[in-house]
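Consider the two complexes below, in which chain A is the common component and chain B and chain C are the respective partners.
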Partner chain A sequence: MQIKGDKWTPILFITPSIVAIGIFIYGFIGWTSFISFTKWNNVLPDYTLVGFENYRKLFANMRFQIDLHNTLVFTVIFVTSCLLIGLLLAVLIDQRIKGEGIFRNLFLLPMALSFIVSGVIWHWLFNPGSIQMGNIGVNQLFEKVGLNFLICGWYTDPNIGIKAVAIAAIWQFSGYTMALYLAGLKGIPLELREAAAIDGASKWKIFYYITLPFLRPITFGAIIILGHISLKIFDLIVAMTGSGPAFSSDVPAFFMYDTTFRGNHFAQGASIAIILLLLVSLLIIPYLITTFRKEA
Partner chain B sequence: MKISVTRLLIYIILAIFTIFYIIPMYIMIATGMKSFAEVSLDTMWNLPLSLNFNSFSLAWVGSIKQGFRGLSGSFFNSVLLVIPATIISALFGSLNGYVLTKWRFYGSDLIFTMILFGMFIPYQSIVIPLVLTLQKLHVYGTIPGLILVHVIYGIPISTLIFRNYYITVPTEMIEASKIDGANFFGIYRWVIFPLSTPGFAVAMIWQFTSIWNDFLFGLIVTPNPASQPITVALNNLAGSYIVQWNVQIAGALLTALPPILVYIFLGKFFLRGLMQGSLKG
Partner chain C sequence: MFRRIFVITVLIFMVSVFFAIPTFANNLKGVLEINSWWTAGGEAEGLNALFEIYRAKYPDVEVINATVAGGAGTNAKAVFKTRMLGGDPPDTFQVHAGHELIDTWVVPGYMQPLTDIYKSEGWTEAMPQGVLDIVSYQGDYWSVPVNIHRSNVLWFNKSIFDKYKITPPRTFNQFFDVCDELKTKGVVPFVMGTKGGWEAGHVFESILLGKLGANDYNGLWTGEVKWSDPRVTDALETFAKMVSYLNTDHSALTWDEAGQYLLKEKGAMMIMGDWTNGWFMSVGFEDYGWAPPPNTEGIFLALSDSFALPKGCKNQENVIAWLKVLGSKEGQYSFNKAKGSIPARTDVDISDYNDYLKSAARDWQRDAISPSVMHGAAASEGWTTEYKDTISLFVSRPDVSYTQKVLVTAAEEYLKK
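On to the complex of A and B.
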């Protein structure tokens, strides 16, 4: 439903936003794409076109290959853990337990923090110390409670690298998934579960045949949101680890910043940015289209 | 008896997760409170013996002798930045949401979707032109420049929040005031705006938190320490080898304080913004 009447005033009022978004989002994306096809890999701009040369170099670059691998590892660990922990916590909190609000607020609190804040803290928690210092951080805690087998080098170990960052990211975002699932659980008609219980369905059956299907759209939405966050992860890497030994915690977003603003390889940075944008678009555009086609 | 075993199991699992969520908070608060004599990585898990705020004051004012900058200046930069940016982007969002729900025109749905896309893009894909443009506009490296950036890139989310809110306002109400002779702006001023308090609360709290917590724009738009927001300053503090770890962690708590206070006192609105971010209105 909309109001009939003067057609141009509303359009006039939304025009500044359309112009701003048109220039600062779409125009700039076009501009970045243009730069990615040029020779500008030095302090001074050089707009000589070189075709796909920057992209060819990029995919041949060992660092970028490691980055793509790291992003994949990070995304899989981060998204599945957030979904599983979020679902588990939501289902438990939904059991009319005592202190429901306290648990919910505590688990969601990290969402309010900057990635830089959590990065600084997790940097110290996962600091493996040194031979002189002995164990510090989480390792020291493990030593105290007798979980010595869990002691490891965290982000200083190239085999762990990005996985340590994933743990910090899970700490920050699993409460968010919990909140999404909690809202979904509240939306399931009580009669449905009660009717199934009267028919003699076990708790597990109700969960599997009623609760889970109801939560499917939420899971789908959460995968998109978490997935695009993990493709873009940057702040946490900067504050917690940087590139890490042998680029073991490097990601495309960090590589882009590094090569563009520290190395002055603008065209190469632009090509990384465009690849990153394409990856995010693959997730987001179908989601936007399906979400808003349904509503209209 | 069987039921209470399940209950017990529920509480045990929740307790384990509570430990996981609380550990970083514990370290942040306990370490910040320790005196310098007590601070040692060997005893980082111990409770502080007494309350001591030296780490905070050092993180706040910095030290000329040790040669590092405190966070106080950046804290005020962030305050100076976040207030106008939050208010302006909420106003834009309100106006856009009003048009996109109550005055829809041919192509308005497409425009809405195209605006929304802006909230998902990796900002890496626009930062190079952004820096060049801000330099041309002579606002590069300044707080007004950073405000402009946050207002523009805040348009998608605030438009979404207000659109989702105004969709719940019955259109008949507006039709009625239109018959009474009110025009586009009159309806906004006398009907929509007075109803908008919840929308503004959600949008402004969301924008406050995300602008306060932003790092990438601050890092790239304001490379000079004098106009840096607090997240960038904290990252510099933490990256410096001369700053003790307890001062870094105290700095992290100072940076986290405003959003934590918002979360504690206005958590309901924060949660609503969070839900809207996932597009479910």
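On to the complex of A and C.
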């Protein structure tokens, strides 16, 4: 039986979700941006408009400046490392070795953990200990195997701070990136590689001129996914380090939580939310534009 | 037909009995939802002691213990605030007495006054003026304090002090002498954990108090004393010097994890509130002594947990009965014994409390009382948060003039409001 082409039925079906998305996503984005221009910095709502005052104060705030810097450092380290490690693992596993499935699952496993769990684990691992209490965690391991020069303060050292958190995040997400690349690798027609091999191309050349170009869309997608994870990172920080010494592992999302719910600065919190939204848009919009162009 | 009438009669009888029984027992039923951040060790035990008293009195009320874990209550407060603003207030919730209660909840009009209960229960007589002051606003009382904690306590490992024949330092100079000596012995002189972000602010309030004295410290929060005062500079410089004696892993540790240094005889001194005493008891550590931090002898830096009555709560009668339990002698006695704090009432018999608590209770009646800032008594939450961030940054970047400038700006902003 064929369903008759009715103009209104599809619209009827789609309306509830459009209304829900309209209110609960776009409506609240609009509301948050409105709040960010008001004076609501106490529990009692105060909708007096103050223009860009909240944003001006925010950018003058030392903690927020450090946060933006941390976000940049974290994103760069996290995204590039995940891509490189993920690609390496994927290529290795794609060599049709024995036990491929075991390795694949092993590398993918950390992704199944929540950030809270891995945050607590890495908090212990990177807890440096001290001279009086002795080395613990990773430092103890280094001491045992004689790599004493690697012993450092990890996240308790303001110069490392967020980079230690990035290591935990890379551990968790490089397996996921590997899975993405693996899917991409399986999608490359075997004939192309065989043809190139027959033509006498070296393995490196095949990789560079055939495999990599085919993986470009995967890389692009991975950057979007990893990039927005790193901009939104919050739970890992809360569980692993908190703000850290001199806010060296603080991020805007954590500052937003602190200032909104501890300090009652609802308008300031809203401004941070909007800045985060803009940052994510910087990443997502070019992606959407290219995708739509391809489809059109 | 007869059968039918019989069945209906029996049913009506049963239903009426079902409704009547509770009214015979007492007049309260339904639920009571209590929101707090007391989830650990002694504090959870204290809360349970209160529940037991309440259940014995009102067996038909179902008590819902809605706790949200997290030190100093940050996470719990996020939950209450969302509910209050969303028009779904919890029945009653834990709030620090002082500016946190007054500025955040009372002034905007979210609370109901409790003056009548205070009068009928005789609390205005039983509680000291210092407590009554921090729960009142415009002549009314707004929350029921269950306990008093002291913020300015210097804890030390007795064995270490005995071994090197050290007496608790009473001035900052003595403090640094002790530090220098201990440092040469391979002991961490001064221990702190800063993972939570608030601990440095907590220690610094004791230093401010030591440098300015009770009166002028209080003046900092009311605007009578300027933050640009040279004594604040002095306090910052002193704190920077104290930080240089710290354990290196402080930012990996919470305050109790840092306390392990004292337990293991690797660290000598720590400034932390007197919940530390409860924690020492819970881990079975007895080798500790206490003293006021340098220059703060005779001053009691106080904070108090209290419960209040939000407007529009669903089980008002049950909440009022709960608040009466909190303020009663019996309630205050049982709660504080388990939690390791002292009763807000001064007429509770505490002869079987431990030595620290007895000494704290004695000081509470004798000392000058100042409000703690880090625990909501001295300043609004907005100001406290800025203060916390500034001092937390200072620990790793001890830039005195920059920090003082930020503190001055914050004071100007929040005193204006």
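The rule is short, and it goes like this: the second predicted complex is superposed on the first by the 287 of 296 C-alpha atoms of A that agree within 3 Å, B and C clash if a C-alpha of one lies under 4 Å from a C-alpha of the other, contacts with A are read in each partner's own complex, and residues count from 1 in each chain.
Just so it is clear, contacts are C-beta pairs under 8 Å (C-beta built on N, C-alpha and C of every residue); 3 or more make two chains touch, one makes a residue touch a chain.
What you see is a predicted model, and the numbers here were worked out from it, not measured in a lab.
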Partner chain in contact with A:131 - chain B first, chain C second, else both or neither: second
Per-residue contact with chain A, leading partner among chain C and chain B: B
Partner chain in contact with A:90 - chain B first, chain C second, else both or neither: neither
Which of chain B and chain C A:243 touches, first, second, both or neither: second
Touching partner for A:257 - first (chain B), second (chain C), both, neither: both
Touched partner set for A:165, first chain B, second chain C, both or neither: neither
Which superposed partner A:225 touches (first chain B, second chain C, both, neither): first
First, second, both or neither for A:123, with chain B first and chain C second: both
Which of chain B and chain C A:82 touches, first, second, both or neither: neither
Touching both chain C and chain B, counted on chain A across the two superposed complexes: 123, 129, 133, 257, 260-261
Residues of chain A defined as touching chain C within the complex: 41-45, 62-63, 123, 126-133, 153-156, 158, 241-248, 257-265
In the complex with chain A, residue positions of chain B that touch it: 7, 10-11, 13-14, 17-18, 20-25, 27-28, 41-42, 44-45, 92, 95-96, 99-105, 109, 111-118, 120-122, 124-130, 133, 152-153, 155-156, 159, 171, 174-175, 178, 183-185, 187, 209, 212-216, 219-220, 231, 234-235, 238, 245, 248-249, 251-253, 255-256, 259-260, 262-263, 267, 270-271, 274-275, 277-280
Contacting residues of chain A [partner chain B, same complex]: 1-3, 5-7, 9-11, 13-14, 16-18, 20-21, 24-29, 31-32, 35, 85, 88-89, 92-93, 95, 97, 103, 105-125, 129, 133-134, 136-138, 140-141, 144, 171, 175-176, 179-180, 183, 221-222, 225, 228, 231-232, 234-235, 238-239, 253, 256-257, 260-261, 266, 269-270, 272-274, 276-277, 280, 284-285, 287-289, 291-292, 296
For the chain C and chain A complex, residues of the former touching the latter: 74, 77-78, 81, 84-85, 103-105, 107-110, 186-188, 194-197, 247-252, 260-261, 264, 266-267, 380-382, 384-386, 388-389, 392-393, 395-397, 406, 417
